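Look at the two complexes coming up: subunit A is in both, with subunit B in one and subunit C in the other.
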Partner chain A sequence: MSRRKPARVLPRAFLALHLLLVAVPILVMVMWSFTASWPWPSLIPEAFSLKGYAEVFGGANGAAVLAQSVGIALATAVLTTTVAALGSRALARYHFRGKELFRFATVLPFLIPTTVFAMGVQVVFLKMGFARTVGGVILAHSIVALPYAVTIMADVTAAAGGRLEEAARSLGARPLQNLVHVILPQLAPGILSSISMSYILSFSQYFLTLLIGGGMVKTFALEMFPYLTGGDRTIASAYGVVFLVVTFAVFLLVEWALKKFGFRAGQDLFNLQ
Partner chain B sequence: MINRKLKRALAPYVLIAPACVLLLVFLYGVANGIVQGFGIMPFLGMTTPTFDYYAQALSHPELIASIKYSLYLAAVSSALAVVGGVVLSAALTQAKASRLFQLLGVQVPISTAHMLVAIAAVCLFAGSGLVPRILAALGLTTLAESFPTVVGAASGWGIIFVYLWKEIPFVAFCTVTIMANISEKFGEAAAGLGASPARTFFGITLPLCKGAIVKAFLIVFAFAFGSYEIPFLLGPTLPKALPVLAYIEFQDPDLMNRCYAMALNGIMALICTVLAAAYFAVLQRERKGGRS
Partner chain C sequence: MEIRLDGISLDLGGKHILDNVSFAVRDGEFLSLLGQSGAGKSTTLKVIAGLLYQDAGAVFFDGQQVDEVPTHRRQTAIVFQDIRLFPNMDVAANVAFPLKMQGVKKAERMAVAEEMLERVQLAGYGSRAVGELSGGQQQRVALARALAGRPRALLLDEPFSGLDEALRAEMRELVLELQAETGITSIMVTHDVSEALVMSDRIVYLSDGRVEQVAEPGELCLNPASPAVARAFGEAMVVEGEVSDGAFRCGKLRIPAPDAASGRAAFVRLSDGSHFVRGI
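For the complex of A and B:
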């Protein structure tokens, strides 16, 4: 035991440094969000206020925009995860012509920039009547989130294998029973990861929402963006803090909901190990 | 019996159908943009293909500078992110990091939008940010202005900072599971045979993770190359990152400029297609290697 200890000192020191580098920017943002004045060169703010948060939730429709964004992101997450789960099942369980082509096609939105897609598809969406609608924004977000969801779901589906399912079937489980009691619980850790990942992609999407929503579909990211260029650090930081708090609150709710339905959601948000 | 066989043959196509619909919309959108780059806009009565816009784009000195700048940002961020991410992944595996550690070190950065990191970078490094204040308190500077500017720096170090903060944990996320499996399977054996931890890592773990690492690199590269928000917020006026330049042309009220924007997008798509081909090659090699 004592011989192995030194081998862990270096990794642990590195992890501690990493954690510090992750935490400091977030903490500074939190501090700025409550700052009323912070004259140079003092190290802590001189006066605090809730002005930033009043700006986020105040105005005509601060809370409504936030609710709409969460709704769009959750719809994107559920749609993308469902589509990815189905596609992953085909990849894991079947041999079919075009399988490798499909596998490759699912990662294309990883590799071709969202900006190229957004500028190209805008006219198409306008013609089809999807532009400037919430549905159109959800569709566009789902496309961008798809490769993440497929990558996650394909791994979990392959790892789950088909033996439990077949056993249940041979014992007389009906398809629906099999789905609810065997298949979904096995996939639960992947479902949680995939929902979280798709949610965050939708919730933080600016460019695509701007082009597809055409200013008619307002989201939190769109509302936040002008404050980033405008330079009011207190308001921008308050938006940032609300963004993070809401995101993690939604993740906890999703995890709770999955547990409520009897799915053991695994150890981690993103199903690491 | 035949019915059952048919069902089994059709099942995978039914399962992939919804994903195919999404992917077709994606490809149609991308193709629609690229076609406009050749001056084809049927809704304006323009149907003759032309290379004029590409010729115009490629003769523009600003464009060449933009391509170089975007490639530079993507190359530096993705190379550093991969090195950092692999080290983080190895550290997480070696230290047998607890759940809380993984949550804070990997999942928090993945869940934080790029835009928020840009805010944080400004709060930290801009003229009156925390880092210049600390330097001043230590007596290293006296003026807020003496710290290298984070917004609009030609080196793009602020942009690279944001990408690294986000992508190092992302690369770790992509590699940590496979790395943990390998270390469990072969680590003990190698150590038992007398291999040093470093030798085990470079000789066994790293080669076996190569596929996952290359994939993560390509994803990060394409993202840094093609995204708009961060270079728009933190980038210099000249040269502009390629997506920023393309969007400026795209927004121009003169619709001819839209063709020019699409030609820029076509160039971006071409570079990314090369990346996609590389990704496909990695995928194929992994299949042949027997993993499924």
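For the complex of A and C:
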């Protein structure tokens, strides 16, 4: 069978186009990050150097800022996903007054631009003493990430339903055992998506971090920004590459952890074979 | 374990689902809850398991009121119509699940799981993924899982209705065999009249959330106590079985037939209520 059906050619063409649009910019960025000079009209750089990476990791606190960024993003991801999972369960299972209002409130941050609510959040956080602290930044990031996490978790919670939980209870599972052995494994794909999404939103957050952190809380995105606007492509690209590698590494780690605890039986998010 | 329901009433969403339901299940008995869909059979089963809480009335296990006991401590394992195996565990882990919940050590619970799988004719299937099994095999795993933890009662909620006719007959036999072996008190929900007749020691007939009649299969079949029960047996029915010692037998159904010759026979009940046994 060598004749290809047109029905399969079209999806493949789209896939190829999609990969091209993602892969080519990444390739250019990786090349730029090692470039010493790349004058027009050369097709490839004339000279290479590691000065971009030296800039990223060098200095007094390069690695520390990266570590703090990953920490903030992970904390945001875990906090957001936990709150979203609990809220979704309340929406899926229980009847209570103001349920529809609550449902609407969970997606409210979607409707209000970050720049608008950031001002209000800053005022409140200043009064409460959260401003210019790492905790305050994590909380602010969580507000941005929550609607995404709730949307994802509400779907998987509704899809999971209560059937397996009922079965487990009748077989003698205590509430905590039910959570660990039956409920969490069912929600695992959603948890993974929610953690990944919240992580990205936090890790790439610039404006909110700047405003709430007040310059006291330094993150990777904050450090990177001047180079993007300032025009040093080599350093900006080096930041970009590190950004990408770290994000990928965290995703693989989360995937591995969920699998390690037996939470994922089905297909992988990233097929490593 | 003896189970007694005393005046159970339950409303769901403003509808009366159960209305003053009372009956008792004897220790080691196989009892069926028979009735049409919407009669409240599955709801009754969920009240016994503690998955639903009644508005009025009480449930007793061996004379002890259990209304305050949560489901996971009632030791009433359910086999569901839609099977409900855990997809994140292999077959052996599914069967061993109740033992894991009880804190039994891994080696021991895996040994029990292997033994249970043997008893449902699935020896060697332990390491398979649940999704690899056919519907009939999955339901046998569910049965093994329900019995593995040695529950005090086995609750079967239309366990065979998702299976085709040939598998159903096989599963009925297996369930009765295991029930006889273990002597476990069992309650089965079914809407299939002949299934209830041949499997049950006694049958509780439910209609619109009320108990219409509690009787042995033969009695229910020959002397329906109310129009609702009579309607359930209203259509003509043929059951194949055997005649011996002046009685027709098929499974647990026993109908006096003093005139019939011993051997293969069919019990025929016509829609006007008359019946006869004839050799085949």
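Observations
Operating definition for what follows: the second predicted complex is superposed on the first by the 261 of 273 C-alpha atoms of A that agree within 3 Å, B and C clash if a C-alpha of one lies under 4 Å from a C-alpha of the other, contacts with A are read in each partner's own complex, and residues count from 1 in each chain.
Everything below uses one rule, namely that contacts are C-beta pairs under 8 Å (C-beta built on N, C-alpha and C of every residue); 3 or more make two chains touch, one makes a residue touch a chain.
Given the structure is predicted, the values throughout are model-derived calculations rather than measurements.
Superposition of the two structures on subunit A leaves subunit B and subunit C fitting side by side, clash-free. Once chain A of one complex is fitted onto chain A of the other, the partner contacts of A:L50 are absent, as it touches neither subunit B nor subunit C. Look at A:L179: by the touch rule set out above, it reaches neither subunit B nor subunit C.
With both complexes placed on chain A, subunit A has more residues touched by B than by the other of subunit B and subunit C. In the superposition on chain A, A:F117 contacts subunit B only, with no contact to subunit C. Residue contacts after overlaying the shared chain place A:L164 against subunit C, while subunit B stays out of touching range.
For the pair subunit B and subunit C, the model built by superposing on chain A gives 8 Å as the shortest CA-CA distance. Residue overlap on subunit A between the subunit B contacts of one complex and the subunit C contacts of the other is empty.
The part of subunit C that touches subunit A in the complex is made up of residues 49, 51, 70-78, 80, 82, 84, 86-89, 97-98, 100-102, 129, 145-146, 149, 151, 155. Chain contact summary for the complex, subunit B toward subunit A: residues 9, 11-13, 15-16, 18-20, 22-23, 25-34, 36, 43, 87-88, 90-92, 94-97, 99, 101-124, 128-130, 132-134, 136-137, 144, 165, 168-169, 173, 176-177, 180, 197, 218-219, 222-223, 225-229, 233, 243, 246-247, 250, 261-262, 265, 268-269, 272-273, 275-276, 279-280, 283-284, 287, 292. Against subunit C, the residues of subunit A that register as touching in their complex are 163-164, 166-175, 177-178, 181-182, 185-186, 188, 262-266.
Taken in their complex, subunit A has these residues touching subunit B: 7-8, 10-12, 14-15, 18-19, 21-26, 28-29, 31-32, 38, 40-43, 82-84, 86-87, 89-90, 93-94, 96, 99-100, 102-121, 123-124, 127, 139, 142-143, 146, 150, 155, 158, 196-197, 200, 203-204, 206-207, 221, 224-225, 228-229, 233, 236-237, 239-240, 243-244, 247-248, 251, 267-270, 272-273.
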